[in-house]
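Each of the next two complexes has chain A plus one more chain, namely chain B in the first and chain C in the second.
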Partner chain A sequence: MREKLNWFHVAVLVYMIEFDVTAFSLARVTAENIGTNGWFALVLTSMAASINIFLYWAVYRIGKGQSFFQIMESFVPRGPLVPAYLGLAAFWVLLGSLIGKNFVIVSQMLSFQSTHPMYIFLLYCLLVYAMLVKDLYSIVKATTVFFLLSFWMNALVPYFLSDWKAVRLTPFLFQGSERAHSLQGWAEVFTAFVGYELCLFLFPHSDRKTKLFRGVLLGHLLISAAYVTTVFVTYGFFSFQQLKELQFPLINILEYLELPFLNRLENLVFMFFLFSNLVTTVMFCFASLSTLRHVFPRAKGKTLETVIVCLVFASGFLTKTVRESDEMLRALYFTEMAIAFGLPLLLIPMAYFANRKGRGIEA
Partner chain B sequence: MKKLPLLLAAIVLSGCSDQKIIEKVGFTRTISFEKAEDAEDGRIKVSFSLPKTTQKESIFYSTEARSMRQARLIFDRQNDRRIVNGQLRQVLFGASLAQEGIWKHFDSLLRDPSVGNRVHVLIAEGDVAQLLNKKYPQGSTAGEYIDNLIRTETKVMDVPDTNLYTFARDYYDDGIEPVATILKETPNSIIIDGIALFRGDRYVARIPPEDKMYFGLLLGGVRAGDLFLDFPDERYSSELSTLLYFASRRNVKVTRTGPIMDGLGLKVDLRLTLRGSMLEYNGDLHLERPEDQKKLEAEAARYVQGKCESIIATMQEAKADGIGVGQYVRNTMSYREWKKLDWPEAFSRAKIDVHVEISIKDFGKIQ
Partner chain C sequence: MDIRPTPEEAKAELTLAYILDQFKDCADFTHRSFPNNGASVVYLSYLVGNDELLREIVKPLSGANDEEAAALLECDPYSATQDATACLNGILDGSAAIFFRGRAWLVGIGRPIGRTIEQSETESVIAGPHDGFVEDLYENLAVLRKRIKSPKLKTVFLSVGEITRTTVALVYLEGIANREFLGKLIGRIEGAEIDGVFESNMFIQLIDDNPNSVFPQYMTTERPDSIASKILGGRIAALVDGSPSVFSCPTSFFDFFSSPDDYYQRWMLGTALRLLRIIGFIVTIGFTAFYVSVTTYHYEMIPHTMLLNLTESRSKVPFPPLIEALLMETTIELLREAGARLPTKIGQTIGIVGGIVIGQAAVQAGFTSNILIIAVATSAIASFVIPSYVMSASLRLIRFGLIIMAGVLGNLGLFMGIGLVVIQLAGITNLGASYLTPIAPVNFRDMLDTFIRGPFWALTKRPSITRTPNKIKNKMKK
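Our next item is the complex of A and B:
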């Protein structure tokens, strides 16, 4: 029997999926789009994401743990669904790839400036491949290790308190943003939390003992707490106007770290972000892989995995500059958000009717 | 399948192409900017100081250029090692250049990812290149010497640790103006010669070195300062005393007594509390008597208050709010009101009162 996940594993996984490149610029994104005390916007968007998670819980409950594909196909014949599946699979590959490529581009600001970015991305893709060829349970085990390697960074927060001043937070709420408040602005803040929707693909790997949604919610709340704390600290550490100017406030704040025997510590710390981005890419590829497996159940060996990783690498050629990468990634995140909210809204009624139909046959 | 490890090795090992071998790079320790002799087409004098591997000597380059990068390209043509900014410890701006504004040059430092944000930002009086290129009896290179000097001085927090981070932070903040430490060359040392007050990126006024501790008090949170109180006249019953290892706290209270837009209806109370040891005393008081102790505390407080008020007057005259009163004023206003307010102007007219409370923890080994 295949090993089932534990809620703790699920929490770690969701934490690591949501934790990605958006973290570097998050404080600026909130300042630009929301304004003063933009950290509070994260609390609100995190709550919105929790509601979305609740919708997935509804899918799980109503569908009695059936997988995404089972629910879909109980309603629509498989044939017409295949193009949609392929589209989704391609989209997730693209998203996972560009998250990884964005990380490479950002990391090259700090080190390996003269190496070809696609070469570094190739190494990244090898790591993705090494994880993807394993089953989900092994991916999760590796993720747990990666989680420990990156979670400790939250313990750095007290270091910044000596230069943190509450007075810099200002008493104004959501004032002075670059642009007028808009749905797009809020959506951009929300992109930080994209990733929890992949819990849909954990349905087949969990049973009642897993307590899947306890894990998903816990992971989401944990990363929300980490993000809110980090951004809150950043707002009192930098001045508001400065935050809007800094490309990657998180890297700037890490630059301030110094030990008596070592300075410029951020170069070391930065590398730990590799793991969180790696897990994000791997899990989007995993979603894609699950979909492709369903479409091509007779694919041999590691063919699908190899194809996916090759596509990830190829998609890396799409972006070369920070601007391109940010623009494309933003568009992809917005699409992913629409998918994240759209899928459960589609699946809940399907699962409900599929259930009734199922009962009718039984009776 | 057997070829796979070979392939992997080929891929992974080719990563060794992007190396920075420590013996083949020159680490810049100090960069200085000052006015060029004939400042035509926006040229300034840029100097780089790179310590040699012995750490006892340094290589010094100086040229006229329009920016730091342009200057570095010229130095790169001369230096036998590749120059990198990763170990930059301080930037010095000549006082007369700073009076014209430094943001243009500051920006290129902030933008460079290899420059950390703890790099000291200093103002230097006189010939900066000469200050940097001189040998001092304190040993090591001038760059190392300055770095150590600033680190030691800022430990007690009377000189604010002005670095790229604090300068940029306060430059962007509309409720405070940046400050920087001033250095000056003496025949056989480099001395801290006060604190430069900025308005925006322009150096507009100076706090003299004797008063830097009072500025530290006004800025808030001195951790272990020393204060030499040189009581000036007969209004005080003591001649001099020294307060050591004191810690201070600052409390800012803003009240509005009228229309605020011109600053006249603004009353700010700065409450400073100091606690430390009195380890030097000359005067007529009998310190074994509790009432005399209290009297000394009150006299010291009065003295400190006077000093602080004169510093505030200097700042108000220069319209440079280096202690961040504006941040607290901002907290009492609506966003729209604050945005309309011309803070430097309002600051110059605001009524700012200082209240000092000193408690002497002990009087040393004799009563």
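Our next item is the complex of A and C:
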């Protein structure tokens, strides 16, 4: 029995894909690029992402639920598309890998200074493999549990309200940024929402009952609300100048957590971010896997999964420090954003003309 | 009864000579003739009851002439048979076969073999019925029939084991159980290849969706009330002859954490018990691992007042926390296994001796820290809170894996281990139904009877995992 997704699972999946390492530094990124009350920039960029989601909805409607590959190949022969497919697959593996590696470097910096990051990353890759070899429905089921293990962290917000001061927000909007307002600055804030575009690979696993885009939009709005709340709380917890200096404001704010029987709770709470980063890596790998499966339909057993995870591990050698990792990841996120906006703009006319051609043949 | 014959048996003609040949060299096989009418009776002497033999065979046949015997055999309880396999199976089931004028009849004169109904030792409840299933299949069926007095309670008999030909009875409610699951289960049982089956917990491993998983995938219980409620909920129960454990399906991971006791108490108390078991689950898999993680990598997490005691206690121990924890966990497992194998009275002594040795001497000898003793003992106690013994045993095994992961990579290792467990759970299905229902796929109504025990007025629908065609429980008042 092949299970179909439902909108709740899609929402959970999109929430977990978008929730990744960018969360740690999001408050600083907004402060540096946008300035005071940078949290409001998240509202605006989230709206831009929603418009992008609307474009994917258009692809789904016009293409009548056809997969990305079907739409592409209804217009362009398969042969010339293969290099593009391979390029995209490699890019998604690299992006997924560097998100995971960035998380590993941050955790190594926090708690395992004497452990080689690649050793931690190897274990991370084993987890990626364990999840990737399962079918999408099982991945989604695991993601739902991981979501429950991560979502509760939003309930920590009231803990910080006693030290939260409205005066720290300042009455100014978007002032005092490090650099002048630029498209790059806004794009950097937008990187927090990268990931919803993977809904393109959920088309074959959905039907009318799934209400796919209700799920995608809900998941996106949920993570937007979580990000806006977290960054808003951070803006009132630290001063604006502090925010610009702190590398990972989210981790810094977690350091204030304390229980009578446990100190330095961030050591524990931080580990819950493992699950969201894992899901992000796995879903980018899944996008790559779907593409490779289309290119190599005769690949046997778990060959493609094994190759992908080996590539994920190998890509981990590209970065050693947080700075290196941040820079490379930023470049990859920008590329992914271009892909995220570019793909529907390419697919909508393709799907439209393919439909007309199909109708012509029928007539 | 659907008993598959071997090809030779299927071809055989039913004659007295054939039956005698099949049972040759069986010292408990009896062949008796009645010269006054020429009838012959064969049976396995230790399977039949003396009173029944006298009443149904010896008395009527010894006084009857040729014509009277012929007339007698046309009446109940004698059933004519022409099938050699059915005749063989009938004799093996405790019937006697009567051969007269070249024809054969079977008459059931078996005596009950095994213990009478008594309380289950592995699943005891405080309030509620105390009867448990026994080894006899028909006794167990009777117990179920007594609880669900409905003609819609249907049974299907199947046989498993090439040699033992153990009978498996599937019990379900027509119109409530899902036919697709039933078909799938019958297919699996008929396809099971093994020479003999002796226990339900053994048999279910042959029909699992994921045979290599550490988690049990069918819920087994010795309690008739529990099975009756599962059947009413739309599940299918399967009874294996010779086993007091009855399994039901489809099963979710969370079914293993509920006990019939939850329903016999007020709902708030039942809910508190469920939550206690969830805490028990977290403690049993994670507490010792967390101790190892904190004492290996994250000393800063311990408040300084507690840190002094811990450091003092740990300073005498020559092993790293990982080895220390593994040693103690293994010792606890040794004690548990020894306690389970020994007779009850000696078992208690083992517990006391073990408690003193571990609790006092090991700490004094500098073999382990006293805080680890607390962690290990709490984890062990928490594992016994889980009502299902098989699930509790699986979780204890997983605990070892998590301890090693925590020893290798602290909290991150512990969380990676938890991640692996979740991924493993997410991949499991039972007859194709998700093992993580009602979390994934999510069903908020089902959660009312999963993490909490909702009040009966709120539990109006059958669990979604059963995919029952008849979702509403109490239609009478609606």
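Definition applied: the second predicted complex is superposed on the first by the 362 of 363 C-alpha atoms of A that agree within 3 Å, B and C clash if a C-alpha of one lies under 4 Å from a C-alpha of the other, contacts with A are read in each partner's own complex, and residues count from 1 in each chain.
What we mean here is this: a contact is a pair of C-beta atoms (placed from the backbone, for glycine too) under 8 Å apart; a residue touches a chain by one contact, two chains touch by 3 or more.
Fair warning: this is a prediction, and the values are worked out from it, not measured in the lab.
Enquirer: Can A:G65 be said to touch chain B (first), chain C (second), both, or neither?
Expert: A:G65 sits against neither chain B nor chain C.
Enquirer: Identify the partner contact of A:Q241: answer first if only chain B is touched, second if only chain C is, both if each is, neither if none is.
Expert: first
Enquirer: In the overlay, answer first, second, both or neither for which of chain B and chain C A:T115 touches.
Expert: A:T115: touches chain B and chain C.
Enquirer: For A:L278, decide between first (touching chain B), second (touching chain C), both and neither.
Expert: The answer is second: A:L278 touches chain C but not chain B.
Enquirer: Looking at the overlay, what does A:Q175 touch: chain B (first), chain C (second), both, or neither?
Expert: Only chain B; A:Q175 stays clear of chain C.
Enquirer: When the two structures are overlaid on chain A, which partner does A:P204 contact: first (chain B), second (chain C), both, or neither?
Expert: Neither: A:P204 stays clear of chain B and chain C.
Enquirer: When the two structures are overlaid on chain A, which partner does A:V140 contact: first (chain B), second (chain C), both, or neither?
Expert: second
Enquirer: Quick check on my understanding: which residues of chain A belong to both its chain B contact set and its chain C contact set?
Expert: Residues common to the chain A contacts of chain C and of chain B are 112, 115, 123, 263-264, listed in rising order.
Enquirer: Can you list the residues on chain C that touch chain A in the complex?
Expert: Listed in rising order, the residues of chain C that touch chain A are 297-298, 300-303, 306, 409-416, 418-420, 422-427, 432, 434, 436, 439-442.
Enquirer: Could you please specify the touching residues of chain B with respect to chain A in the complex?
Expert: Those residues of chain B that touch chain A are 8, 11-12, 14-15, 17-18, 86-87, 113-114, 116-118, 165-166, 168-176, 324, 327-328, 330-331, 334-335, 338-339.
Enquirer: Given the complex with chain C, which residues does chain A contribute to the contact?
Expert: Interface residues on the chain A side: 1, 3, 6, 8-9, 107, 111-112, 115, 120, 123-124, 127, 130-131, 134, 138-142, 144-146, 148-149, 260-265, 267-268, 271-272, 274-275, 278.
Enquirer: State the interface residues of chain A toward chain B in the complex, per the touch definition above.
Expert: Residues of chain A touching chain B: 36, 109-110, 112-115, 119, 122-123, 126, 163, 165, 167-168, 170-172, 175-176, 237-242, 245, 251-252, 255-256, 258, 263-264, 266.
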